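For reference, the structures are reproduced in the following blocks.
Presented sequentially are two complexes of chain A, the first with chain B as partner and the second with chain C.
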Partner chain A sequence: MADEEGSRPLSGIRGKPAGKEKWLEYEERREALYAFLLILPALIIVFLVIAYPLLYSLWISVNNVDFVRQRWTFVGLKNYLDILPKPEFQMAGVRTVYYTVLSVVGSVGVGLLMALVLNESFKGRNVMRSLVLVPWATSGVVIGIIWRWIYDGETGVLNGVLYALGIIPDYVPWMSEGVRALTLTAVAHIWAAAPGSSLLLLAGLQAIPPSLYNAAKIDGAGAWQRFWRITLPWLRPMLLLAVILSTIGGLMTFDLIYVMTRGGPGSATTVFSWLGYTTTYQFFRFGEGTAILYVLTIACLILAYFYGKLLSREQMY
Partner chain B sequence: MAQTVVRKTASAEKEQARLPRLRLEVGEDFGKRAALYAAVALIAFWSLAPFLWLVVLSFSEIVDIVTKPPRFLPIPLKLINYQTLFFPQSGLGGYSKIEQVGKMPSAFVNSAIVAIGVSLLCLVIGSVAAYAYARYQRYFFHRATFFGLIMTRMIPGLTLSIPFFIFYKALGLLDTKLGLIIAYSSFLLPLTIWIMKGYIEGIPISLERAAMVDGCTRLQSLFKVILPVCTPGMIAAGIFVFMAAWNEFYFALILTSTQNAQTMPVVLAGFAVHTGRVTELPTLFAGSVVGSLPPLILALVFQRFIVQGLLVGASKG
Partner chain C sequence: MSGQGKAQGLTRRDFLRAGAGAMGLGVTAALLQACAQPAAAPATPQVIKEVVTQVVEKQVTQVVEKPVEVTKVVEQTVEVTPTPAAVARDTTSPLKLLGWPYHEEVVKENVEIFMKQYNEKVEYQMIPGDYHPVIETKFIGGEKADVVYSEEDHLQRWYKAGWIIPIEDMIEAKQIKDELYPAGVETMSNVEGELMGLPYYSAFIVFFYNQALLEKGGIDTSQLDTWDQILEHCRKLKKDGICKYPYLPSWARVWYGLDWSIWADWFAEGANIFDKDFNPTFQDEPAFQKVLERYKTLFDEKLVPEDALAPGEGSLGWASGEFAFGSTHSYVMKDNNDPATSKAAGMTKNILMPGAKHESFRWVAQYFLCKNNTDTERAWNLMKFMGWKDKEGKYLVSKKWALNFGLGTPWKAVMEDPEVVASWSKWCDMDVMNKQGELTRSRPVDKALWYPEWGFFMMEQVQNYIQGSQSLSDLVKALKEKAEQLKAQYA
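Here is the complex of A and B:
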């Protein structure tokens, strides 16, 4: 069949034999136009609605914006220079890093464990593969609601269980202490993010040829050795991908903070995203708020660079 | 190492050496199975328990919740919270003072309209674009813009929200479902295109050629031949998009303000944040369960299709 002609333009088949060369040139141009028109609607929506706002918010961040009086004053990097030395900004940075590291290690770790288990054969594996998707299919807001009332000091089930088992003498207000509140919020985040990582890693595990394991077994390699020498090296690109994506997830965390802590107690869980949100929408300091969020954006764009490099190296798209 | 040892031994010795080792392996195997099932149980508990507790809470009365420790199984199940949810004005359910309860039905409808609208829009525009990206990779423009599309996934929505707010205010799109549909489509289209492109690449080009030899135009061969074959890919992409649109919180929070367009996450979050009295809590839990059902059911029923699209969409974001 026509299959062997590989890269030849599709339309060639309908081409007229007479004046072939000129016709092909014309056809090729029509073909390019057609190919361009097909992607045009998508390009318009995506780049108009994403690229333009991205540049626009960069513009806001170098202006002093007064929306009430509709006054814009160009101030250069002043917004950035203003926020950088502020202790609230620096503390938010420390908290963001702490929260992100915790959630990346946790969600990739738990995700890896899940993927390793789900890759084994056991009864009810398909059911399990569905069940681990439950946190993944639940909205961030509902996850926040679930965990807020797990940790609750008066009605929380964590208190209930520990109290019923006699582990704690009385209910503990878990979320009233700063670092503990941030850590426990990160645990909720890990619960939400682990299935995503586990799906990626499971796909990675399934791409490892089983013959490698058989060969290693014949050579007498133990389970531990097989894991370090075969599984991990083969999983490396997927692990990197999971780390990059979960880092962005951790940096961008908002839903959980909004529902569970609202930045509190005090400002103990005020991470960058929350600081940017409150500065912008509660205090209406748009320039500063956007500058804070743009610091996050730059971090994400750096990660995006590695993401893109990884994807093109591994030919994953 | 072990292999060389085995090779050097005489065959009789080998037989002798193998027997005890075999027995050891059986013992090991039993231990391994036990460990595996323990891990499975642990993962099932970790993934399900928090959500199941929300379900238990939604069937509890406030007395069951504030008891110390709470009643872990409130039997008989109390349906009163769901009654309050669906018939807020009914005397039976007890009139709720929180305005969020009254907003719940309209929020559910809004979420459905927005999620379905975004899914349809993304599938139509995205499939056509994905087809062009799959078949015309020889054009540099296509390769470049496709890479650009993938990279937009890494741009944090937080930063985009401020320009969105400003534009929408100017265009009169604030607090409209159409506004949400446009915003969501812009960052879910790349995901759709990515999933669909992978799927279309797996379809032999000879199929289109045959259609065109039979007299189809290019568009006809796309819509009548290619896309019908792509149904599984479209289901996968459609589910990803539906779930992401249903669960999205940040844009909905900023771009909507009334029942006209507020979606489930916004109303639930508003409820969770503004609830002052514990007595309102069970209604919130019932609302959270109802609001989680559509994406949850889709994810569980179509698990198989999700795994197909998993390489691309494993992380929601």
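Here is the complex of A and C:
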């Protein structure tokens, strides 16, 4: 054993670098194989729980699947071509974009404000940092139920507060009108998602060297200038990450819609996720429903790609 | 691009194979196959060889000493449905009962009694949310269940999908039919006429008013016969400031909300929606459109709560005592007149549905016996207990629902039980209730495989119309096209 180990470097010293390289190559390959085998069980599990359902649903989306009568017909891209021109699909797309933009702007904006406050020193800061995470850690269904009660036209807290303050002359049925219902659902989403963004941004804020602020103060920079010239540029990578996560969260929202509006009144709050759900599970058109949800998935992938590009560019900064 | 492939039979195993094949991973396929539950035995056609021995008298001119014996092997395919005795019985696994949320504590109590009486084990699962789609998804996934709740509009659909089985051949079937009202038997039977379900409860849509508010508004309660009269009363009550929203409807987009309410209103006006072959006829039906226009009028004039279309109860509900008129499930009358829960207690009076015919929509929620059951005999015992009689021959469960919660039933003996009649008389006018009961009808179109899908679509479109986002003609056109498309799809 000792001889073997001793002989290896000798071969190189004796002018056989090619042999050493081959040996190193072999070692590297062996290590790579070993590493691959170690992660293989995890890979198989990841494949089964992520890749398999994705491929399976992709397969469903190119078929006409009738589970009730147990029929399965391959239709190629017909499901996609059928849904794209439908007005309900296009309107759902418009509502999804509206909801997502509101959610992203709101959750990242409020999250940034929360992070800036929580980054300051004040009594009870640690307790506050824990408390703000509660909405983020609460399930979507519970949040939906809470906000449905807040918005209730007869007994809701919102009406009670606004009425008591004299802001509204009479109770308002908040969820009775489509655009208002969608907007208020987005507000509930912002309430739940902003703490997550604030957590990311707080981490970003704490990574900014204090010396930069000290130098800026010496140079006479005001609070706004310090925020604009130091804080924001340093936060950009984290901001982009927060925007990516908020966008995906907004596009994929289902639980709040399910609990708060069920896509209504009428179809006024029907976004892609709800349309995909009802098409699949209420109308049992699995092919079309999966196609709708695949369009949503593709939209997420495209956005994630562009955000990723932006992020890598910012990281170079 | 979109070549129409040939339709073929589809089983859960096909699904797994197709998915695994697409991935090209033998390991995955093997794992999934291993995870898959074994296919249900009863539906599997088996090829058997039958040896038939024929004795043929040979017609020949020559003299033979004895008949010639010919042996013939015949191969044929037969479908073998094992009887409970023919398969190994599972007498140990717990039975599974699936139901929607409604007084789970009472259901659990009933299940406990069953377990004691029959020395059984039962797992009761309450399914929240969209009950029927969830159950269908469970069935598609191959989940085992023994007895499930369902509304009648899923009877034929689930039967044709092979998820539930008829109980027509059970030895008690004739007695059961004799003890039921004929309408109940019809509702709980499939298109082929086989009895499929036992009743969980039955009810219908009723109309009622708040006597105190009507008296306050000087409304003549003998003038509540038509919707023209009701509309005028609503306008007056609103104008006089007696009610902010005079009428409390049930218009949420759930099967027990708008779907049932609007059918009751269509029946009250005498509208026919589909013919006997499930073809839409509503497009030529003035009463159909009259009801829709009335809904819009009520909404536009704010005679109903503005959030009446939203999920939930729309507002505080009748118990607030703020509504003059209301319409909902018959058993809710009990809560409406319960002083412990309602400010309108003692003041809520039921009347016949306003309209040209005064008819209403009735339904029977049922228990079905699952095909994929643990053990048919044990599951049938559970179903009989929940939907018929306990081991001692008493209508234990039905009567409990009737007495404590006002749930009706198609069992004659329960509905005519003096104890039940006395109990109901405390919270409703029994004469009116009985008369309304006689003026109810079920929806024949519930037996179409596609009705639940049309119903869900209809509710969305009607809400859009009420809100003003589409015209009446567009609504009628959309509903007709959807019915035709679904009919063609399931043809």
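Basically, the second predicted complex is superposed on the first by the 267 of 317 C-alpha atoms of A that agree within 3 Å, B and C clash if a C-alpha of one lies under 4 Å from a C-alpha of the other, contacts with A are read in each partner's own complex, and residues count from 1 in each chain.
One rule holds for everything that comes next: contacts are C-beta pairs under 8 Å (C-beta built on N, C-alpha and C of every residue); 3 or more make two chains touch, one makes a residue touch a chain.
Nothing here was measured: the structure is a model prediction, and the numbers come from that model.
In the superposition on chain A, contact of A:129 is made with chain B only, not with chain C. Using the contact criterion defined above for the overlaid structures, shared-chain residue A:70 touches chain C, although it does not reach chain B. After superposition on the shared chain, chain A has more residues touched by B, the comparison being chain B against chain C. Looking at the shared chain after the overlay, A:49 reaches chain B, while chain C stays out of its contact range.
In the superposed model, A:154 makes contact with both chain B and chain C. Shared-chain residue A:179: touches no atom of chain B or chain C. In the overlay built on the shared chain, the residue A:78 is in contact with chain C alone; chain B does not reach it. Of the two partner chains, chain C is the only one touched by A:265; chain B is not. Of the two partner chains, chain B is the only one that A:311 touches; chain C does not reach it. Residue contacts after overlaying the shared chain place A:283 against chain C, while chain B stays out of touching range.
Looking at chain A, you'll find residues 47-48, 51-52, 56, 148, 154-155, 258-259, 262, 281 touch chain B in one structure and chain C in the other. Only residues 44, 47-48, 51-52, 55-56, 59, 65-78, 81, 148, 152-155, 173-178, 181, 258-268, 278, 281-284 of chain A touch chain C when the two sit together in their complex.
Residues 1-11, 14, 18-19, 22-23, 25, 27-28, 31, 129-130, 133, 136-137, 140, 157, 160-162, 253-254, 305-312, 315-316, 320, 449, 452-453, 456-457, 460-461, 463-467, 469, 489-490 of chain C are the ones touching chain A in the complex.
Within the complex formed with chain A, the residues of chain B that make contact are 1-3, 6, 36-37, 39-40, 43-44, 46-48, 50-51, 53-54, 57, 65-66, 68-70, 72, 125-126, 128-129, 131-133, 135-136, 138-139, 141-142, 145-152, 154-160, 162-164, 166-167, 182-183, 185-187, 189-190, 193-194, 197-198, 204-206, 208-210, 212-213, 218, 243, 246-250, 253-254, 264-266, 268-269, 272-273, 278, 281, 284-285, 288, 291-292, 295-296, 298-300, 303, 306-307, 310-312, 314-317.
Partner chain B is touched in their complex by these residues of chain A: 1-3, 7, 10-11, 13-14, 31-32, 34-36, 38-39, 41-43, 45-54, 56-57, 60, 110, 113-114, 117, 120, 122, 124, 126, 128-142, 144-150, 154-155, 157, 159-161, 163-164, 171, 191, 193, 195-197, 199-200, 202-203, 218-220, 242, 245-246, 248-249, 251-252, 254-255, 258-259, 262, 273, 276-277, 280-281, 286, 289-290, 293-294, 296-297, 300-301, 303-304, 307-308, 311-312, 316-317.
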